[in-house]
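Shared between the two complexes below is subunit A, which pairs with subunit B and subunit C, respectively.
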Partner chain A sequence: MSVKIEVGAGGIPHNQVLIYGLVGSLVLIYLTYLNTYFQTQYFAFFGGLAAIAALIWGTDTIKHLCSYGLGTGVPSAGMIALGSGVVAALFGATTGIFAPIVTIIIAAIIGAVAGLMANHVVRMDIPVMIVSLIELAIVGAMTVLGLATMACGTFEFLGMITGTVSFLGFTVQTYETSVIGGSIIAVIFMLGAIAIQHSFNACLGPGEQQDRTLMLAAECGFLSMIAVAIISFAFIGTYAAFIALVISIIGWLYTYTKYIALSKRDAYAWLDAQPIMEPKGGA
Partner chain B sequence: MSALGGPKQTGGVQSPTAMGIVLSIVLIIVALGLAYFLVQMAGVIALVGIIIGGVLVAFGVHFVPVGGAPAAMGQSPGIATGVAMLAAGAGLAGLFGGAWAAPFGLAVALAGGAVGGGLLMAITCTMVNVIYIFGMGIPAASGKVDKDPITGDTFPEYKSQGTEGHGLPFISWVGGVVGGALGGLGGTLIYLELLDIYQAQLPVLLNATVEQIAPVAISLAGIFAVGMFLINAVLAAYNITGTIEGPHDPKFKRFPRAIIAAAVASAVAGFFAIALLELVGVF
Partner chain C sequence: MEEIVFGIGITALAGALATVAGAAEDTESDIGSQGDPNSQVQLAPQMGYIHRIFNKAVAGEPPAYGLWVALGAGLAWAFMAMQINPILAIVLGSALAVFVQGVYATTAYLGRTASLAKFGQPVYIDILKSMTTVTMAHAFVAIFTTVAMCHLMISALGHPFPLPLLGLVWGIALGAAGSATGNPFYGKERQYQEQAFGAGVPISASGNIVRYAEAGQRNSLDNGFFSAKLGGPASGICFGLIVFFELWRTVVFEELNIWGPIIVGVVVILLFAIIDRYIEVWARKNFGPYSAAPEEASS
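Let's turn to the complex of A and B:
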């Protein structure tokens, strides 16, 4: 069933997207450390922005990998990215302030093993396979780590497994009301997976344009960020979560309008169809 | 096939490269050695369980009749979606079944996982055939074999011209259920091994009782089981490259490659999952 998937030429070179995505997500995720530094939670939303930087990079990687015709559908690349990413992200989170860097290293190891297996044992023999799976594992890991950080305000493991609950005026520490203890990590996993696998799957084909595909990736990222911002009301302060929600909604509205504008630009023609009006008093 | 390269279309099965085999053996031994070094014998036993679980998942995926996009148009036999999606559905259903039965002991939990995965595939396969036969009006006919190996039904007189077969013959239905059961079994095994490790380590680390850390342990084991399940399912999907009809399909003979790849990928990802709690509090 291997079908060649058409991808548009031109646009920003992949290596440039790679550098922007890697450095951007790393810097943005470290900005959430301002929370620990200033003892606040207002900087949690930088985690979501880090995830979006990684998602844009990951979408460009998927575009390169899938142009070889995997025969298994575009979403499978997103699933292996998040599958290896979640292991790396949670392992990395246990290393305190080094979490984002360790996450990248561990994800690269798991991705390299998966890529070597795919090329040398399963014999896919795709030239970009190993590099792509390394990149995708890092993207998946940064997405999970970023969104988890956004939900609880810290990328440190103990912060992810402990939460507080108020009971009759007493504040009790508990493991149930936390990002991992409450299994919010599973929701984050799926929010990240949907965001990474959708954009190229939706935009592929003749006339695919890089800026449109990447804009859709950012739009999907902001959509996931809205959901995580709502989740974060349970774990961080109301004002901090509200700031995250407002930023996600503004980001989503901006990227969505831009994406629609780009779709209209690339379309041959479009009709702004209005709803069919019912005549008053019945027909 | 893509002009850029990609898998070569050869008649036989390409065997893994020598480098791939050597690398696989080395990586498995290194992972087992590191697991022994960090978590002693319990770590080795858990890692062996995870490797067996990953291999079962990859093997099970080969049984599942995957039709892909052509099946949605009734032009090839199987269920009309990708390998990764079907495997994830069956495996996660199995994992839920197994996780629910976890307190009843290993044997019951594994059986629960297998029944959960098999049941999901049985319902899916049955409903697929209901839609094919009563909705689309097409009979079940395989394109790869002339006779159903189980029922002895013949196919050529029912197969439409220009198609690779259509519908879901009985052998594919059986394959789907077996694949779902194996996937559920493997996913549950990974989950139970990780749960044992975390339930032993977390109370010491956090100075809490087993009941208090249960949400964290269950959530961590669950999300890692899902992650490793998806890595193995996608590697198996890459091995199949596209569509497969079930155990009677010539592509089924490729499964040894996927088993090697899954064993190595599970060993490496499983090692990081087992070693997760070793670094907490170090930095």
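Let's turn to the complex of A and C:
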């Protein structure tokens, strides 16, 4: 039986979230270019923050799209977002300093094709489908690019396919120990795909509140950042990775406690070890 | 010849690890009412049935386990790249992946339950405290064994994929095996003990899940106990056989002909289809007729 998805009304308008998410993620991902400029790796964590900005926007898009009654479609929306996004991000990464902008353009094209297919070939006929899939593809692409940048310190393709391995005291460059060669990109793909759909999937229902859902999106983003920060110890300098880890943990702790407080605010009751409270009219 | 014997030994070990993984995975997901049973647990309060069952809907099991295992494998890969011993690396990677799983489980329960405030479903904090830890323990077993199995495939059988990619593939397979094999025991039978056996779920019975136990009120630990008895071992056998046959056909028949493993794979699938069909017909004949509900519920 398909359960009707209800979403809460009110909150920040979607277009405003879209602009904040798009501009925020673009600016934050360009801040990682300071790494190349100053020849260091300390600014890698901005990639993770760019992914969080994109995830918050993507969560609001999924909420927008899935209010058309796509119950089991919520996780699928995350998969198609990251599936389109990873292609765009890898293509975009080959264009040097223009990588984030090219990524957005390519992702928009892929999303538009997917949306046209869904509406006109599969005949889903959902009014916001094309726009939503364009947005989701861009979100997915920025998430992949952001987290991959955080792992290896640069959004340029060469940095993603070269890793170093020390052998008998010599440092050798290899493909096998890189972000793409070691398939860390697969981990980033799954981290992004689950993070993007989880917030709305977890908060859907008649009592859904936008601030709680978006806080959960930020929490999922910081949680993904923690995982990527630990992985980044294998690619970038210890201090740079450590800074990223500390920032992720602080952000995660803040958003997690905030999210619990918001859940407490919205819950019917907050009980510890109490029996079932049967409703007054009886079941 | 010696190489083949060694390969079969690794295959058997990988199959054994997969069996443990399948059993742990199904028990974990049933304690969290993930996958198949979830829609009814989610629906129950809307129909007036307030319950004390853990509702952790992270995603379907295949994507969720795709993430947990890929993450465990990715972290283990990174630790190995930092020259940490593989066993320790796999343990650390799995432990960190379980931390992520636990956080996702708590946020899913809090979010879903808080959004049901309109129907009077309270958040039971003791459920969160007692059941999240149990699911995390089971998830650790499932993730550790699967990542260890993937590491065996690479280091002993020379699989060309990097560890995280293999983890993603086998994680999705693990979730799919548990979701397809084990969950129906809980989702289609145990939640509906108040209905006649085999009656299906008519719309009028939607959300009327069993909420009271033999003594007191049922919580998800009772479902874990039940899953460990039937659904878990069934999922374990399923995933164990998938891994065993998958490796066995390659290890044994690749020497003969490059097409050998593919032909054997098709034969194995056909054989299992015949066995499954036989069991299904036998069960229908022996356990009473199946009466389809007028409007088949699709979830």
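Please note the rule applied: the second predicted complex is superposed on the first by the 266 of 283 C-alpha atoms of A that agree within 3 Å, B and C clash if a C-alpha of one lies under 4 Å from a C-alpha of the other, contacts with A are read in each partner's own complex, and residues count from 1 in each chain.
Just so we're on the same page, contacts are C-beta pairs under 8 Å (C-beta built on N, C-alpha and C of every residue); 3 or more make two chains touch, one makes a residue touch a chain.
The structure presented is a predicted model; accordingly, all values stated were derived computationally and were not measured.
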- Name the contact category of A:F98: first (subunit B only), second (subunit C only), both, or neither. first
- Look at A:Y68 in the shared chain and tell me whether it touches subunit B only, subunit C only, both, or neither; answer first, second, both or neither. first
- Task: May I ask you to decide whether A:I236 touches subunit B, subunit C, both, or neither, giving the answer as first, second, both or neither?
- Result: neither
- Query: Given the touch rule stated above, what does A:Q274 touch, subunit B (first), subunit C (second), both, or neither?
  - Reply: second
- Task: Determine, under the contact definition given at the top, whether A:A186 touches first (subunit B), second (subunit C), both, or neither.
- Result: both
- Query: First (subunit B), second (subunit C), both or neither: which does A:A148 touch?
  - Reply: neither
- Query: Where does A:E176 make contact in the superposed view: on subunit B (first), on subunit C (second), on both, or on neither?
  - Reply: both
- Item | subunit B versus subunit C as contact partner of A:M79, first or second or both or neither | both
- Where on subunit A do the contacts from subunit B and from subunit C line up? 1-2, 72, 75, 79, 176, 181-183, 186, 189
- Item | Residue ranges of subunit B in contact with subunit A within the complex | 1-8, 14-17, 19-21, 23-24, 27, 68-70, 76, 82-85, 88, 206, 208, 212-213, 215-216, 218-220, 222-224, 226-231, 233-235, 237-243, 257-258, 260-261, 264-265, 268-269, 272-273, 275-283
- Message: Going by the contact rule set out above, which residues of subunit A touch subunit B in the complex?
- Response: 1-2, 4, 67-73, 75-77, 79-80, 82-88, 90-91, 94-98, 106, 109-110, 113-114, 116-127, 157-158, 161, 174-176, 178, 180-183, 185-186, 189
- Item | subunit A residues touching subunit C - in the complex, by the definition given at the top | 1-3, 72, 75, 78-79, 163, 165, 176-177, 181-184, 186-187, 189-191, 193-194, 197-199, 201-208, 212-213, 216, 219-220, 223, 226-227, 230-231, 233-234, 256, 259-260, 262-264, 266-279, 281-283
- subunit C - residues contacting subunit A, complex: 39, 42-43, 46-52, 57-60, 63-64, 66-67, 70-71, 73-75, 77-79, 81-82, 96, 100, 103-104, 107-108, 110-126, 161-165, 167-168, 201, 203, 206, 211, 217, 297-299
